[in-house]
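Order of writing sets the chain letters: A, B, C and D. Residues in each chain are counted from 1.
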Amino acid sequence: MNAPAMNALPPVLTVRNLSKSFGAIRAVRDVSFDVRRGEILGLIGPNGSGKSTLFNCILGQLAPDGGAVAVNGRPISGSRASTLNKLGVGRTFQQLSVFPDMTVLDNIIVAGQEHHGSMLSRLFGPPDAGLTEEAERLIEFFRLGHLAHEKAGSLSYGQQKLLDAAMAFMAGPGLVLLDEPAGGVNLTMLGSLKERLLTYNAEHGTTFVVIEHNMEFVMSLCSRIIVLAEGAIIAEGSPEEIRADQRVIDAYLGG
Amino acid sequence: MRRYRTPLLLALGLAALIVAPIGQGNYIVYTLCSWLIFSIAATGLNLTLGYAGQISLAQASFMAIGAYITALMTLNGVHWLLAMPCSMLACFAVGLALGFPALRVQGHFLAFVTLAFNTLVFLVLRNEDWLTGGVYGLVGMERPGFGLFDTSKQLHFYYFTVAVFAVALAGMWWIVRSPWGRAFKALRENPIRAESLGVDTRRLTLLAFAIGSAYGGLAGALVAPLVQFIEPGSFALVHSLRLLLMVVVGGAGFFFGPVLGAAVVILLPEVLRFTEGYYLILYAGSVIVLMVFCPTGLIGVYGRLRQRLFPQRVVRGDMATGPQL
Amino acid sequence: MRRQSLIAAAALAAATFGPAVGTVAQAQDKVLVPCVCELSGAGAVSGSNYRDGAKLALEEINAAGGVLGKQLVMNDYDTQTDPQTSRALVQKAIDDGAYVIFGTVYSGSTIVNMLVAKQNGVPQITGSEAPKITQLGNPYIFRTSSSAAKGVPALTAYFKQTLGTKKIAVAWVNNEFGKGGHDVFVSQMKGAGIDVVADVPSEQGQADFAADVSKIKESGAEAVFVYLNEEESARFLKEAKKQGLTVPLVGEVTLTGQKVIDLAGGAADGAYAHVGLTTGADVPSIREFARKFQAKYGRDTDHNGIKGYIGMYAIKYVTELVGSFDREAFAKKMHGLTLDVAKYPGMLLTTSWDDTGELSRESFMTKVVDGKQKVVGLVPAN
Amino acid sequence: MAQFIQVLLSGLATGSIYAMAAVGFTLIWQAAKTVNFAQGEFVMLPAFFVLIAHHALHLPFWLSLAVGLAAAVFVLGYLFKRLIVEPMLPVTGLPLIISTMALAIVLKESVKEFYGAEAQPFPELFPQDTIPVLDAVVSVQDLLNLAVSLSVVTALTLFLNRTRTGRCMQATAQNPDVAEILGVNTRRMVLYTFLINAALAALASFLISPVYLAKFSNGETLGLIAFIAAIVGGFNQIRGALVGGLLIGVLDNLTATYVTAEYRAALPLVLLILIIMVRPQGLVGTSEGRAV
């Protein structure tokens, strides 16, 4: 897709001068960036570079010391996770976060039901909130169709990761933040995960922000990459640019 | 075959309930009635505790509210069928009012607030004797009649109770299967994830508590005509703890846990009675042992055995730990 | 879900057939007089004494050939001092074939469970003293000691004549027992033209009586009517001594009991009480009973032991007067009956019941003198 | 005026004993993140250990007290931790709460079965003299009770803040993992907490029993009041428990004297609900460490 046309619209996510310290440690230092509609942005950096802290500040899990975060130009600092989700922000967690004792189908439905109908219709309406078909489509899309009625906890790790991601999409969000989606997933699974994410992005124009350790995965998935080191942005650009960037290499080699 | 197993067993259970009292003495029929009634109250508490993960120590006082409202209305000639919903509504409303401030705050303040509330209700019931009859309580409530079917006979009343019990459980079954129920489960297994998927955990918890309280009210509405005498002492804090015991011993968060728990809590003293004065000690002792070795209660024990046999089945999120404070 | 319904079914089976274990078969030559009493919980002391007194009488009766040639059998049904449980257990006792229900002692329980005995037409010998119990028109309930409704009037005279009180205070425990006594007392005082200047309710098991005593002290009452259970009485006496409350403290039944004296120590000296029955009474038959009780159980009993004892004998005598084990006739016979101790030694004192089951008999005015209860006067039956 | 001083002083004396039980509450809460519903029974039981030593073993009273204290610390401290709490740690939660409720029954019923259901007189620790204070009467006993419990709580606070062990205990209470990393033997620290709680309970028991008598059911009311005192004062602060205890002791007496006796028991409860609505961390509590 061509960037200029996208720039016309307001950024999906704006982060301005975000800072967060734990005692003496300044985990995030005055970070600012925009995320454009439909792009796949990668956030990378060596361990302890502040990726996760930044992520949690954006999502309101942590209260930043300073700075502002806005979704579609609307400030979201301090709003609850559920409100954020209703604003069309989906997320996944670093550690597996499926509901192990519920079936795959239920996992997906619960991810969408709060966006359908009212409190009352959710009590007196159909038990599946009329979402079964939509859910099954999404499950199919993530190639989990044959497991729809298995308990999520009985799936393989990779499958659970897929499910975890799928849940973030059920509500049809405009922006999805993926926290280390590739973590601990085997190569074949990784391939299909990446392929699925790219397809989804192409089909729905959904914006992604991805935190990842796995360089190859990020490089091949993202259209743009921001590199953090010691809590500050040290580089930004296309995968190619980043590959070539000396500062990044230094940072990773512990320069 | 698997598909028909559940309805089949439920049908069997219902059949068992119907034949259970035949040829039994009044005492056993009476005990069965109170077992069913406490099962209803415990099932309500289970929604609050097992599904929404909040501790309520006031279930007995909701039974009290239900019982007194029903008693006062029926004594003034209102039919039970009208008094019962009033009792449930009142408890629902009180539940909302009580839960709102407590659930606003982090942590488990609902437990503390309800603890205080239970004793307050007791004091009001005892001191406002112009309304509640004070320490002497209220006496002589008629048992409801339905045209040809009059429940004043112990056995008739039992079947009446079975009917209400069945309806109440069906209602709970519906709630648990509805999107709400799914949200409750999600809440229990991973609240943070649930919140991130748009589940308004705070509101849901409040509603769970209010509905649970309404079930307490329903149980109360049955206690009044069963005992035909109610006084404050029967709804003191210790009875709330007893209900809590039923839920946890049976298995919090399992649909039939409270029913099983109620059976155990009501019958175990009966079975242990031959040990004379020591049965309360043994009884409490065995509860401690159960809690230490299987925090998820009796159904949890079953679940663990099952784990051994079919390892591919996964344990519920909090199976290992039991509901958390 | 499946496993749960399975378990539920199992639980149900247990629920159905569990209780059968407890039921007792009734042999032909035996008569069941089940003791539904407070054997655990708050009422354990009173309940146990009541039962043990009854057991003592029962063994004497059986040793002497039983009643109409049949042996009496008494099983325990522990109410845990819980009204609901007591109701269920009275039902159980009746299912088991009770001839007469023996108990309960706590008024709170009796008011609940007497309905069941009434519905099933089974006579009930209660140890409760709340006036309400015999005011509900239940033809099957009978007392083993007179209620406050009888006791307090006896006191009124004492306040008016002996003490010449004008202003009086009342400290009472806010439960069925206390409320009953309190209500009778207040109406009695009104009748006698004595005005109640301080009316102080306290919680059951209350520990701190500072406020109660100081209120009474401030009120300027010339005497205090103390209507509390044993421990509370003791705590009240201690506090009264501490704050130097010097006016006469007068109680009904409990205040001068041995238990209170033991608990309150020196603080109990000088307290008065009207007691229906007391092991300290200067009556040979009662002394003899106290000795036997002490010998059998290795402890002294409060008045509940005596109540149990005479209650059991009452069952024997009334049944023999009827001439058969007929519950209906038993109840009819007992109304308006008087058992003269000369003819019926087991009664210890001449006793009569009116047509509500209320009891009256000679009673005692007692005072605590250096750590011992002394009978300072007789109050004729009223 | 005299009356006011009278009830005020008595209230303080009673409250100081509530405070000691309440402090135990906060300690257990911090160590095991649980509410000990048997706390009342913990205060009820030690008196009976003393009575057994005194009457059954015919030891002199002072020695009986020592024995009672030791027994309490062993049973209510070590055994409680070892047999009930430890098997459940680190995850405690509702099952542990239920166990403490059951434990309360076990202790109560055991005392009733093995010692007796009747209230027992308990020998006086202090002389029974009374001193007039501004035309009110105060017993030496009350004053000494107050003094003892105040000094004990102060000593405990000093111990926790000034000594190394004390600070380790607090670290453990606030964040076991971090404490563990810092090389604190957390298990031992938790054990200390339980032992101290038991000791406090025993002390409260010895002070309260001469006045309130020893009875198996004494724990019921006491436990609830101590619990409320702890929350009102602030669950995560020892001085909170002290404030809460004294406050409730005084308010209880004042209500009974000047407002209503029927509802005297309601006051602490209303207070509790208000506190939770207005200031959930308690009067002198600090908000962090409370949201557990």
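Note that contacts are C-beta pairs under 8 Å (C-beta built on N, C-alpha and C of every residue); 3 or more make two chains touch, one makes a residue touch a chain.
Because the structure is a prediction, the values reported are computed rather than measured.
Common neighbours of subunit A and subunit D, by the contact definition above: B.
As a whole-number value, the distance joining the C-alpha centres of subunit B and subunit C reads 35 Å. For this pair, subunit A with subunit C, the centres built from the Cα atoms lie 74 Å apart.
Our note on geometry: subunit B versus subunit D, Cα centroid distance of 32 Å, whole angstroms. In whole angstrom, the spacing between the mean C-alpha positions of subunit A and subunit B is 42. Multi-chain contact residues of subunit A, defined as those touching 2 or more other chains: none present.
With touch defined as above, residues shared between interfaces to two or more other chains in subunit C number as follows: 40, 174. Touching of two or more other chains is recorded for residues 126, 277, 280 of subunit B. Which chains touch which is summed up as A-B, B-C, B-D, C-D.
By the touch rule above, subunit B contacts subunit D in their complex via residues 49, 55, 101-102, 105-107, 109, 111-113, 115-117, 119-120, 123, 126-127, 237, 241, 244-245, 248-249, 252, 277-278, 280-281, 283-285, 287-288, 291-293, 295, 320-325. Subunit B contributes residues 2, 5-6, 9-10, 12-13, 16-17, 20, 24-28, 30-32, 34-35, 126, 134-137, 139, 227-229, 231, 233-234, 254-257, 259-260, 263-264, 266-267, 270-271, 273, 276-277, 280, 298-299, 302-303, 306 to its touches with subunit C in the complex.
Those residues of subunit D lying in contact with subunit B across their complex are 33-35, 37, 83-84, 87-88, 91-99, 101-106, 109-110, 112-113, 224, 227-228, 231, 262-263, 265-266, 269-270, 272-273, 276-277, 280, 290-292. Residues of subunit C that touch subunit D in their complex: 40-42, 44-45, 48, 174, 200-203, 205-208, 210-212, 214-215, 217-218, 230-231, 234-235, 238, 242-244, 259, 262-263, 265.
Remark: subunit B residues 175, 177-180, 182-183, 185-186, 189-190, 192-201, 203, 207, 312-317 touch subunit A in the complex.
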